[in-house]
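Each structure below is given as structure tokens.
Presented sequentially are two complexes of chain A, the first with chain B as partner and the second with chain C.
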Partner chain A sequence: MERIKEVLNNFDMEYVEDYKPTWVKAKLKNKDDITKVVKALKEVGIRSCSTVSPTDFPEENRMEINYFLEDIVNKKNVWLKVDIDRDLDKCEIDSITPILESADYHELESYSTFGVKFKGHPNLRYFLISRDYYGKFPFRKDFDWEEHEKHLIENVNAIAEEFFEEYEENEKTVGHEDSRTVLHWGPTHPASGPIRLKVYTNGENIEKVEPDIGYVWRALEKLSERKDFIGTIVAVERVCFMDNTNPMICYAQAVEEIAGKEITPFAKYMRVILGELGRTVSHLISMGGFFGTMGLQTFLMWCLDVREYFLDALEDYSGARIATACIEPGGVRYPLNDYKAWFEEINKAIEKWEKTKPDIEDIFLKNPLMTTRAKNKGIFSHEDVIDNYLQGPIARASGVKTDVRIDEPYAAYGELKMDYVTCENGDARDRLEIIYKEINQSIDLIKQAMVKIEEGIEKGEMDPKKDHLVKMPRRMPAGEAVSRVEWARGEMLMHLVTTEKSTNPYRLKIKAPSVNHTRMLEKLIPGHSLSDIPLLYGSMHICQGDLDR
Partner chain B sequence: MSVWEMLFYILVFPGLLFLLAWTFFVFYFARKTLAYIHKRVGPHYNGPAGTLQTVWDVFKLLTKESITPKSADPYLFNIIPIITPLVAALPVILIPWSPAINGGRPILDTDYGVLGLVVLIGVEPFLLFLTGFGSHNKYSFLGGMRILAQMISMEAPFFLAALSPALLFGTMNLYEIMYSNNWLTTLILLPGAIIFIITMLGILEQPPFNIPDAEQEIVYGFYTEYAGTNYTLLKFAEFTEILVVSAAAVTLFFGGYRGLFFDSFWWLFLKIAILALIMVAIRASNPRLRLDQMLKFTWSWLTPLAILNLVWVIFAKLYILGV
Partner chain C sequence: MLKVLDFFNYARSKSPWIVHFCSGCCSLEMLAAMGPRYDWERYGYMMTPTPRQADIIFITGLVSKKILPALLRTYEQMPEPRYVVAIGACAYDGGPYNESPSVIKNMTEILPADVFVAGCPPKPEAIVAGLEELKEKIKRGEPSASSQGGLWKQMKF
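Take a look at the complex of A and B:
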């Protein structure tokens, strides 16, 4: 930590201060220094860029850019701020992508939504947003949404026309002279989901892959600015339907930090249980989907069968199975009127899982055909993980010990016994096995948390009918906070900015892991054959919901 | 053979009606068994235990619009789905179906039965390649290329495995092969039968060799552009082929319609159903192989083993049967 501060103090800084146990927060005065600072930080081990988040302040005519830089191995992180001019022609800064390649897609996203030009970016282009927003920068505060929506039909027609023009041009230029061709893998492909991979193939061999994203772009970050602090949880939980609870925990923590409130121990343990239930539900689909990519649906069906029981538990608590909206700033949403009945429901789900486990191991995890296909395919080394900032299960499958639940304990994870689960090889098969191991870990955590709650209630320390929610102020003070959780697919980071006496977020940046994982496809897939695309793609456990937001 | 007899063969048994009934049955059977393994219910509402569901499905498909894509070759695209089921149904005349028909002999009782069977079964994939070629779609074309690759590599062991009973009994007449079979020869021919069943999975494009119509990779391959009637006809051809190849396997290796206590068509049917069950079970528990892995498997394992199997059959003929 001291070393990082020393490095930062060598430059012209407005302030350098500690923030949470693992972060250093600093503000750079001169924007031209940014590449030098990042280079110097890289030398002390900060090699991954989590995300780049601009915040727009039209009154002060400035754009504040937040860089979240992380050292995965030593758990030291830097939150670097720098102000730049807001005017479109002067709104530019040096790109850090040549130094930290994991910043690539995040810089493109900032350029498309805020119009921050990153000088020296290898391929600066519009990205993620729909074509009718090109050059309009929709996340700026002065963007007129209503005016834009008036021209909806015209915009759609323009997109269609452009498509046909492009199609005709491609008909002329892209011929079939030899065995080279371009395949569109998605967005209506049986195994793709709403993403398009442009696959340049030579016969069955893949030469190049270009991901084209943005098919489910809902502008959730902008949407949350229009809602109040409670209403935002509805936008946040829709990041991805598979693991629905953890994004809400992340958001709620950020709000609580700004409001300066501490939640009750009971609510903390409830968050652990709900979060782990969400993770299990998501992992069950990921695991089944992995086999689905190889044309075997049986496993998916079995996983969905088990998943039903976990959804039942979620439904019992919140009344909804998928979009639960069960965690809000200040704790968890509902009291537990009959905690024994709910724990009974969870135990039923756990029992079902324990009963299915031997079958899963024998039939699917040891399946010889799966092993021949997935073993030694798409290996990520330790270096790959750090340089491209792969997270969560993908990083742990390569043996990198990273887990926000342990690195920066939130909710009640600090009081529970848990360890990093890792695999060694980092190939596609390990990325399946890690998911299986993590489900077991989640279930262990749920059991521990249930015991703690029961003990607490017996001792009279917790009251499940009253302790669930702390009263939150109706209007928030000005402030900003960064909150991280370990989501089912990796680290989720939210950067929340509020203004004085505000009723809604001023800016909410959601950073989700699939962005980096999708970027990795460009390097992962070329050199393999066509049959490997779904397998490798499935092994990355990408969800387009959190990729596009 | 009278005209009425011939019409009966063509239209009722083992012709059109029988093949349709088989299509409905095997479609239903596969769906229901697969659903059971998937922990689902499967077809449920129409008819007792959902038996009529597949019938409705087929008629629903027939009422749908048959779309010919703008870029496809219209003649090739539309004529192949008509030829394919006809070619798939041709080998039916070479197989002895029942003691009640033609005195228990195949309708076309020839001394080159095995040869005819193998050739007619081997023609089918080339027609499917043409569907992919005529669709003028990248995915369909890739599917067509995959069919050719799979066919060429699967046909060698298929041929060699089908040859082993002919070699053992010294005849290519299917009726005679069937009647020469007994418990001992079935055991001798067992390695050949296993190779035959594995290659059968490849030729029928069943998992784990469903590489040409891999939906996750190339969007159902040659089926991509087909809809409505054309699709139904292609599916009909596929199920007919399943019937013919399984019946060939049973006739060659497991004594055809001969059974315990009495000989009947139902013994043949039972044996085919068991083969279909094995196919569904493999489908429900194994992921797909990659194209290059399949090529490696057939050429470096299956073909040499099939040749070794022939050596074993000759050895058994000389020293065990002592002919």
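Take a look at the complex of A and C:
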């Protein structure tokens, strides 16, 4: 930590200060220094860029760019800020992608939504936003989208026009001399979901892959600026419905940090239980989906069967199966009037899983066909993980010990026994196995948390009918917070900015793991044959909901 | 006397195939409806990967501007008679994304739906119940709503 501060102090800084135990926060005075700072930080081990998040301040005529950099191995984080001019023609800064390649897609996103030009970016283009927003930069505070809305049909036609142009262009570049073609994988492929991969093939062999994203772009970050602090939960939980509880935990923590409130131990343990239930539900689909992409639906059906029992537990608590909205700033939304009955419901789900487990192991995880197909396919080395900032199960499958629950404990994870779950090879098969191991870990955590709650209630330290929520102020003070959680698919980071006496977020940046995982497809798939696309794609456990936001 | 065309409609209503297309989060509840607990294949519904074999297309919740051309093109590829089922609040007026600049709010004006299933997301039981209603419509041989009109005819895709 001291070394990082030393490095930062060598430059012209407004301030360098400690933030959280593993964080250093600093503000750079001169934007031209950014590449030098990042280079110097890279030498002391900060090798990954988590995300780039601009914040727009039209009154002060400045755009503040926040870089979140991370050293995955030694668990150190740097939050680097720098101010640049807001005017469109002067709004530019040197790109850090040539130094830290994991910043690539995040810089493209900032360019498309805020109009920050990154000089020296290898391929600066519009990304994520649809054709009708090109050159309009919709996340800027002065963007008038009501005016934009009026021209719906023209906008949609412009998007369609883009596709036609693209087809023509492909036709020209590829030619008819040899066996080269451009294939569009998705968005209607049964395994793809709403994403399109432009696959440049030569016969069976894939030469290049270009992901085209934005098919479920809902502009959640902009949407949350129009809602109040409670209403934002609705936007945040819809980042992805597969695991819908953990994003809410992340958001709630950020708000609590700004308000300066501490939640009760009971709420902390409830968050652990709900978060792990969400993770299990998501992992069950990921695991079944992996086999689904290989053409075997049986396992998917088994997983869906088990999943229903976990959804029952969520429904019992919140009244909804997947859109639970059960965690809000200040704790959890509902009291537990009959905690024994709810625990009974969870135990039923756990029992179902334990009963299915031996069969899953024998029939599917040791399946010789699956092993021949997926073993040694798409291997990620240690270096790949760090340079491209792969996270969560994907990183752990390659043996990298990273887990926000342990590195920077939140909720009640610090008080529970848990260890990193890892695999060794980092191939497609390991990325399936890690999911299975993680479900077992989640269930272990749920059991521990249930015991703790029961003990607390018996001792009289917790009151499940009153302790669930701490009163939060209606208006927030001005502030900024960064909060991280371990989501089902990796690290989720939220950067929340509020203004004085505000009732709604000024800016909420949601960083989700699938962005980097999708970027990795560009390197992962070329060299394989066409029939491997669904398998490799399935092994990355990508969800378009959090990819586009 | 049973007319031949009536018989066709009767037969068609017994096993409608649904094209595999998802544009939003409600598709997760469709997955659950496919799953073992709700199992819509009991009623004869089945997913098919190609629109050319399908009778029904789902508007699964939100439709963003970028996916609309793909959705319309998928719809266009289906053989007549083709039916549209809209599920989720987003398909009606944008639902929770009503204030979002990139989501289409008047989806059922663009592609009129024969059945609308409310909810955010609707439960699998509700989806199956909606489909059962559509079955009755197919059996009666009524023309589908989307063939009668809709803004989709003015759009490029």
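Some notes on this structure:
The criterion applied here is as follows: the second predicted complex is superposed on the first by the 533 of 549 C-alpha atoms of A that agree within 3 Å, B and C clash if a C-alpha of one lies under 4 Å from a C-alpha of the other, contacts with A are read in each partner's own complex, and residues count from 1 in each chain.
Here is the rule we use: a residue touches a chain if its C-beta (ideal position, glycine included) is under 8 Å from a C-beta of that chain, and two chains touch if they have at least 3 such contacts.
Only a predicted model underlies this, so the values are computations on that prediction, with no experimental measurement involved.
By the touch criterion defined above, A:148 lies against chain C but remains apart from chain B after alignment on the C-alpha atoms of chain A. Once the two complexes are laid over each other on the shared chain, residue contacts for A:190 go to chain B and to chain C alike.
In the superposition on chain A, A:308 makes contact with chain C only, while chain B stays out of contact range. Counting the residues of chain A touched by each of chain B and chain C gives the higher count for C.
By the touch criterion stated above, A:285 is placed in contact with chain C alone, chain B being left untouched. Using the contact criterion defined above for the overlaid structures, shared-chain residue A:392 touches neither chain B nor chain C, since it reaches no partner. When the shared chain is aligned, chain C comes close enough to touch A:226, but chain B does not.
By the document's definition of touching, of the two partners only chain B reaches A:370; chain C does not.
Counting contacts as defined above, chain A residues 189-190, 301-302, 305 meet chain B in one complex and chain C in the other. By the touch criterion given at the top, residues 181, 183, 189-191, 204, 291-298, 301-302, 305, 363, 367, 369-370, 372-373, 529-534 of chain A touch chain B in their complex. Looking at the complex, you find that chain C touches chain A at residues 20-25, 27-29, 31-32, 34-37, 47, 49, 51, 62, 64-70, 74, 96-97, 99-104, 106, 120-121, 123, 151, 154-157. Of all residues in chain B, those touching chain A in their complex are 37-40, 138-139, 142, 207-208, 210-211, 214-220, 284-293. Of all the residues in chain A, the ones that touch chain C in their complex are 129-133, 138, 145, 148-149, 152-153, 155-157, 159-161, 163-164, 187-190, 193-194, 214-220, 222-223, 226-227, 234-235, 238, 240-242, 285, 301-302, 304-305, 307-308, 311, 321-323, 545, 548.
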